[in-house]
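I am attaching a structure below and will ask some questions about it afterwards.
Per-chain numbering from 1; labels A, B, C and D assigned in written order.
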Amino acid sequence: MAKLEKRALFAALGASAVALALATPGYAQDSNTFKIGVIAEVQAVAGSSIPQAAQLAADEINAAGGVNGKKIELVTYDNHSSAAESIRAFQRAVNEDHVNAVIASYISEVVLALEPWSGRLKTVMITPGAASDVITQNIAKDYDNLKYTFHGYLTSTSLADSTCAAAKDLLVGQLHMKSAVVMSEDAAWTTPLDAEYLKCLPDAGLNVLDHIRFSPDTTDFTPIFNKIEGEKPDVMITGISHVGVQPTVQWKQQEVPIPMLGVASQATNSSFWNDTNGATEGVLYQAVSGPDVAVTPKTLPFVKAFKAKFGNFPSYAGYTSYDEVYYLADAFKRAGSTDSDKLVTALEATDYVGTIGRIQFKGKDTSNPHALKVGPDTITGLMLQWQDGKQTNLWPANVANGKLRFPKFIKIGSAN
Amino acid sequence: MRFSSAMRTLLVLLVVVVVASFLPLGVSGYVLGLLTIACYFGVFAMAWDLLFGFAGEVNFGPTFLIGTGAYTAGILDNLYQPPIWICVAAGTIAAVVGGVVLALPALRVRGPYFGLTTLVAVLMLQNYVVVDASLTGGEIGLTVPDVITISDAKNYEIALWFMAISAAILFSLSRSPVGLILQASGQDAVQAGALGFNVTKHKLFAFIISAFFSGLAGALMVFYLGSASVGTFVDITVGVQIIIAAVLGGRRTILGGVLGAVFIIAMAEALRPIGDLANFVVFAMALVVVLLFPSGFFGLLTRAKEGG
Amino acid sequence: MAEPAHLEVSGLTKRFGGLVAVKDMALRVETGKILGLIGPNGSGKSTVMKLIMGIERPDAGSVRIGGVEVAGWPSHRIARLGAGMVFQHSRPLHRQTVLENIKLALLPDKLTRLFADPATDEHARVIAERVGLDGVLDRRPATLPFADLRKIEIAKAIARNPKVLLIDEPFAGLTSKETAAFSDLICELRDSGHAILLVDHNVKSVSRLVDRVIAMYVGEHIAEGTADEVMRNETVRRVYLGGSIETAARPESSFRDAAVPFLEVKDVSVHYGKAQALESVSFHVHAGEFVSVVGLNGAGKTTLFNTISGLLPYSGEIRREGAVLRGQSAATIARNGIVQSPESRELFVDMTVRENLDLGGQRLPIAENATQMAWLFELFPILKARQNQAAGTLSGGEQQMLTIARALMMKPKLLILDEPTLGLAPVILEQISKALERLRQTTQITVLLGEQNVTFALPHADRVYVLEHARIVWEGEPARFAAEMGTGYL
Amino acid sequence: MGTASVSVVFWQILVDGFAVSSLYALGAMGFALIFGVSGVLNLSHGALMVAAVVAAWAAGDQLHVGPYTGAAIGIAVGFIATLLTYFIIVSPLLRTRKIREEEKEIFILTATLLWGIMIQELIAYLYTNNAKTVAPIVEGVMSIFGVRTPKNELFTAVVCWLVIGGLWLLVNRTRAGKSVLAASMNPRGVTLLGIELSQIYIATWAIYGLLVGIAGVLLGMFLGVSSYSVGPLTASAFSIVVLGGLGSVSGALIAAYVVGYLETITAYLISPAYRTIPALLLLIVVMYVRPRGLLGRR
């Protein structure tokens, strides 16, 4: 008996040994590099571009001699789209791989879960794709602890504003539309989005007939489309990210005669055309960038380089994470140190023209600190439309490279 | 003699825990973070094993109890920020209530049917969390303002000793008279009744204990992670991982659950280099163990003692 | 124990759906006495025991233990009041030692008791010694012989020192030596003041022990008295032996293959876990012969037939026309012509009669299938009338006929009939009996019939074997049966 | 209900509910069949269906084959994956002596669960976890009872019923099929009739594989799936089968329509967000009042 208990003892010790084995750092700390951890949903199309674009930026910077004589080194972690795994990855990045900053995730759930950790571990974190306003609202609430988080993508509110502005010009201006139905997935990032939609759409001249929120794991959208059609709006204003392929395909299959315009993250992926077998023809979606849109002089070169290196176009989070590496490096240069607090101060002073526009962060005294400033002289956002497998930009006019065009089952103005 | 052997096992446990409690000296915060999670998972697995291994109830819904505890604690903290221990207590109580609710069908329907009721319970909770987003944070999850401590070492020690104490309690319980009666009821309720035992009472008790530890662990884990989300506390795949941990560790061993949990988490980590495939390989290994060594790790250790 | 501990049952009635399993039963057992409750399968004796123990709720009647009315109580309360039950199938805790298994039964029904008080340990040892387990206290059940497992059950049952002890088929699965030892144990228990109720299939197996015996048949009390009285009782004799039987045996020598019998079973033994279900059974059947294996339920007939059909692992040898059967799958054996019509019938309840028969004849060419079915419809006209009705909706008798017919659809060389009369009304019995007679007259078919109902088994038989407690105890012509085996069989 | 008139909604529910229900039925029948015959609850069910969809999608997307070839490939993959499940996971567990009979259930559940997750992980690894849809074989819409319905939806319903009809003919009109049906009622019975149970098992799993493949591909054309759908798909098949009565194929058929319409009605009349909840409640109620399910025997 005692012998067996001993065996048990060894086994348990073995278990702790496994832990100890894990303890030996994967990477020796190397003061000659500026380390950035990249935590991303490698298995999701939107997420897969994040580490790729970041790597591209790092390579370019290193080729140009690095920053403060240091090379930039990336450490990538797959979080399987799970908050729990992201937290583990974040801990590893900081405690194990001793990164100086982290670029993390396009999912609000994940970023919100990481936010307290970036505070606890006093490590700068920038999200390239999450939208929820809550991220920056939290910073406003508890600036001293959460100041290490930066929102490198538009907040839901800004997305809504950008969408409304585009709708005003394209739909009301060109097509004289009058009414809309808001249709969004039930998620934290859409709560502020919808709130803003309900405010800015009427201002843009679109009377909101109904506001539908559906569960993100909805698979059958027929009832939703039928309900909306029954209300005879001129357009459906979308707020979707977790879903995308299914509503689009069913919209086409059922030949719902009402155009879709709005925030549809998945539609920004170049692979979306294939994923939907072309059903996305005519879908209008808000974005901060597009493959053939020269938002800034940096945009097209980046897209070209990215395509050359990885064979496909970057997702929307690709653009932002590419920029983030650059302005992190820039902040690091100005801070002259990897000390997190100095980095934060430097980042707050960021004024950098990237692929999506001019990057500036809102100040600590605003309602959402560390959110990107939006507007004509910073970031306007775009409105693109899928046309024969291409993402064509229609708005704003100065960077437009195409005209509005709908598949024949869309009946413009038929509703009224 | 048996009880003294139980004592010896507990002693071994103590030794291991004491050894483990020195890890913070030599181990990075990250590994501590991993082990912290592993400890909580260990408790989940042990609580599940008490229900399945002893009371003989196949529960696919451990996350129903865990989630109830975790979310109750998290929401309470989010709304009123009372002292953390109050939130934890509330979460635990809520879980116990959930345990009683879950027990009701168990006392009526058997086998796969009960398995499904538990599955349904999870789906219902998940639906509720998603639908009542204003309160629960929905799909996105809930960020709690407070945490017990932000020190990896402290968090680890808390989890470790919590796990140790739970293990000690659950293990002694399984070896105590009550444990015997539970096993008897689980194996043959009619005979247990004919021996003068109120099977209903004892099964209910098992559910309550299991719920108590699941809920408590869930609540504590919330205040470690600083957030609660469906993906971490409720989703069926989490429950699956717990069941796998328990089965890997060895059914009817209580302590096996901890081995299983450590294995799953350590493996996922050790395999990080192979990237996206890590999870795939871990589950494949688990499958092999289930197919080839049904009695699990702990079973292998103590096979000599195993009878028929 | 101040007032005489005893069990008193009156007017006890239990219905399952339409069927009345127990009807107005009455019995009483005094302290230090043993009552035997006997009856063929389906007579309701086990139900009576379950009703007393509270495992089933009685629909009517009274159950008094030590004067306390317990009818309708949950079993754990009845147990604590003073009733213990020894289950026929023992399922000890495999991870615990014998001692712990016994301790289990001593534990109080409390959640607060986290540590057994040391006294229980001592107490458990005493009980273990009483039932003769003191040698193996620290062994695990899995390592013990079957007899010891039964002893564990007894130990558990007497742990709370019950006034009343119910024992279900005390000797099932035990070898003759073990049986003797077990009887002694039961006597000791009686002498130490327990009131004991033994439930078994026939008087003989319990006659050594009982003070009185009650015989049951289809849920009703048919006789009561001492063992001898009950054995002499006419009703009982009719139930077990039937009335006078004229037989039509053909001499064994008249079968061509006398040299190599069609089926030969040699020293076949079978165990269920540790329980001995067959003990070196040997017998043979000639081609064209009609052999009956007579034995009470639980004697091992079904086990024997399932072994021949290849459904059970066994030691010993089974030969068909000289060739060893071992290693062939059950299905192969059936395909090659040894076909069983099982006691449990195993019909496809949601399929029509015709479909069931079709499946039987599915390996026959369509035409042959049709002729065979026509012949069977002639043999069992009722099936023809019911051919498009779902098997599940047939009466018990019709289902039995269908089972036999389905087996015959396979054109068997050897037809094994297991308990075809189980729980059937006499009139149906008559029809089936006629059908068998015609089979025997008009075809070359070989039949192996297993029966507890002698009336049915003997008339058709050329030879008879008697199976008792897993052993063949008698072989001979049916005519000699009553004289030589009659009492032994009761 | 917005401005849509009641009668319109009624017909919409009737038409949409029918297609969804037929799909559920097809998915669940095989699940019920194998439980009846071999007593196995296959928790990798959803994963197998998703595998079929992704295969069909990948064939179109990467090999650029036509919709018919794509569908065929999808069905084939679903079929093969299912048979692998039987030979690698289920059959060994059914044979092994290492596990006590009463414990095999939990082992088969755990093992198939693990197997399902492995398939899911592999798919996510190879093709990301984004939703995938199969290029529909028929496009365009038509009007049924004044409801504009995608032809594909009708196509789905028709194929489902053809397959269900085919299955019905198979098990009621052919000898082989009948022995399978018989086995699902009484496995021991068929052994006594000289039919090898092992062959029946394989036959059953083969049929199941086909159903999984077809149901999967149709689902891919009709609604589309992602590797996240694995759990929900298994859960819905499981609950439908329990609702109908474990092992009863016809029960599963009926239950599928009950659930399908209940969900559609909820989605239309209450809110898409609550779609699955009433079905779950119904399930709980049924399990209380009639644990055997609607047509269950066990």
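Keep this in mind: a residue touches a chain if its C-beta (ideal position, glycine included) is under 8 Å from a C-beta of that chain, and two chains touch if they have at least 3 such contacts.
The model shown is predicted, which means the values in this text are computed figures rather than measured ones.
> Going only between touching chains, how few steps reach subunit C from subunit A?
Each step joins two touching chains, and the minimum needed here is 2.
> Moving only between chains that touch, what is the shortest number of steps from subunit A to subunit D?
Graph distance in the chain contact network comes out at 1.
> Quick check: more C-beta contact pairs at B-D or at C-D?
B-D
> By CA centroid distance, what chain is farthest from subunit C?
A
> Centroid of subunit B to centroid of subunit D, CA atoms only: how many Å?
Taking the mean C-alpha position of each chain, the two centres sit 32 Å apart.
> Just how far, in Å, is the C-alpha centre of subunit C from the one of subunit B?
46
> Centroid from C-alpha atoms only, then distance subunit A to subunit B, rounded to Å. What do you get?
Going by mean C-alpha positions, subunit A sits 35 Å from subunit B.
> Taking each residue of subunit D in turn, which ones touch at least two of the other chains?
If we look for residues of subunit D contacting two or more partner chains, we find 124-125, 273.
> Would you give the residues of subunit B that are in contact with at least 2 other chains, written as numbers and ranges?
130-131, 276, 279, 305
> Can the chain contact pattern be summarised as a line, a ring, a star, a complete graph, or none of these (other)?
It is other, because the touches fit no line, ring, star or complete pattern.
> What is the complete set of touching chain pairs?
Once each pair is checked, the touching ones are A-B, A-D, B-C, B-D, C-D.
> Inside the complex, what are the residues of subunit B that reach subunit A?
Residues 5, 8-9, 11-13, 15-16, 19-20, 23, 26-31, 33-35, 37, 130-131, 133, 137-141, 143, 147, 150, 152, 225-227, 229, 231-232, 259, 262-263, 266, 269-270, 272, 275-276, 279, 297-298, 301-302, 304-305.
> Which part of subunit B faces subunit D closely enough to touch in the complex?
52, 58, 105, 108-109, 111-113, 115-117, 119-120, 123-124, 127, 130-131, 235-237, 240, 243-244, 247, 251, 276-277, 279-280, 283-284, 286-287, 290-291, 294-295
> With touch defined as at the start, can you tell me which subunit D residues reach subunit B in the complex?
Within the complex, subunit D contacts subunit B at residues 41, 89, 92-93, 96, 98-99, 103, 105-107, 109-111, 113-115, 117-118, 121-122, 124-125, 231, 235, 238-239, 242, 246, 273-274, 276-277, 280, 283-284, 287-288, 291.
> Show me the residue ranges of subunit D that touch subunit C in the complex, using the header's touch definition.
Interface residues on subunit D, with respect to subunit C: 175, 178-179, 181-182, 185-186, 188-197, 297.
> List the residues on subunit A that touch subunit B in their complex, please.
1-2, 4-5, 7-9, 11-13, 15-16, 18-23, 25, 42-43, 77-78, 80-84, 87-88, 91-92, 94-96, 108-109, 112-113, 115-117, 120, 132, 134, 138, 186-189, 191, 215-217, 242
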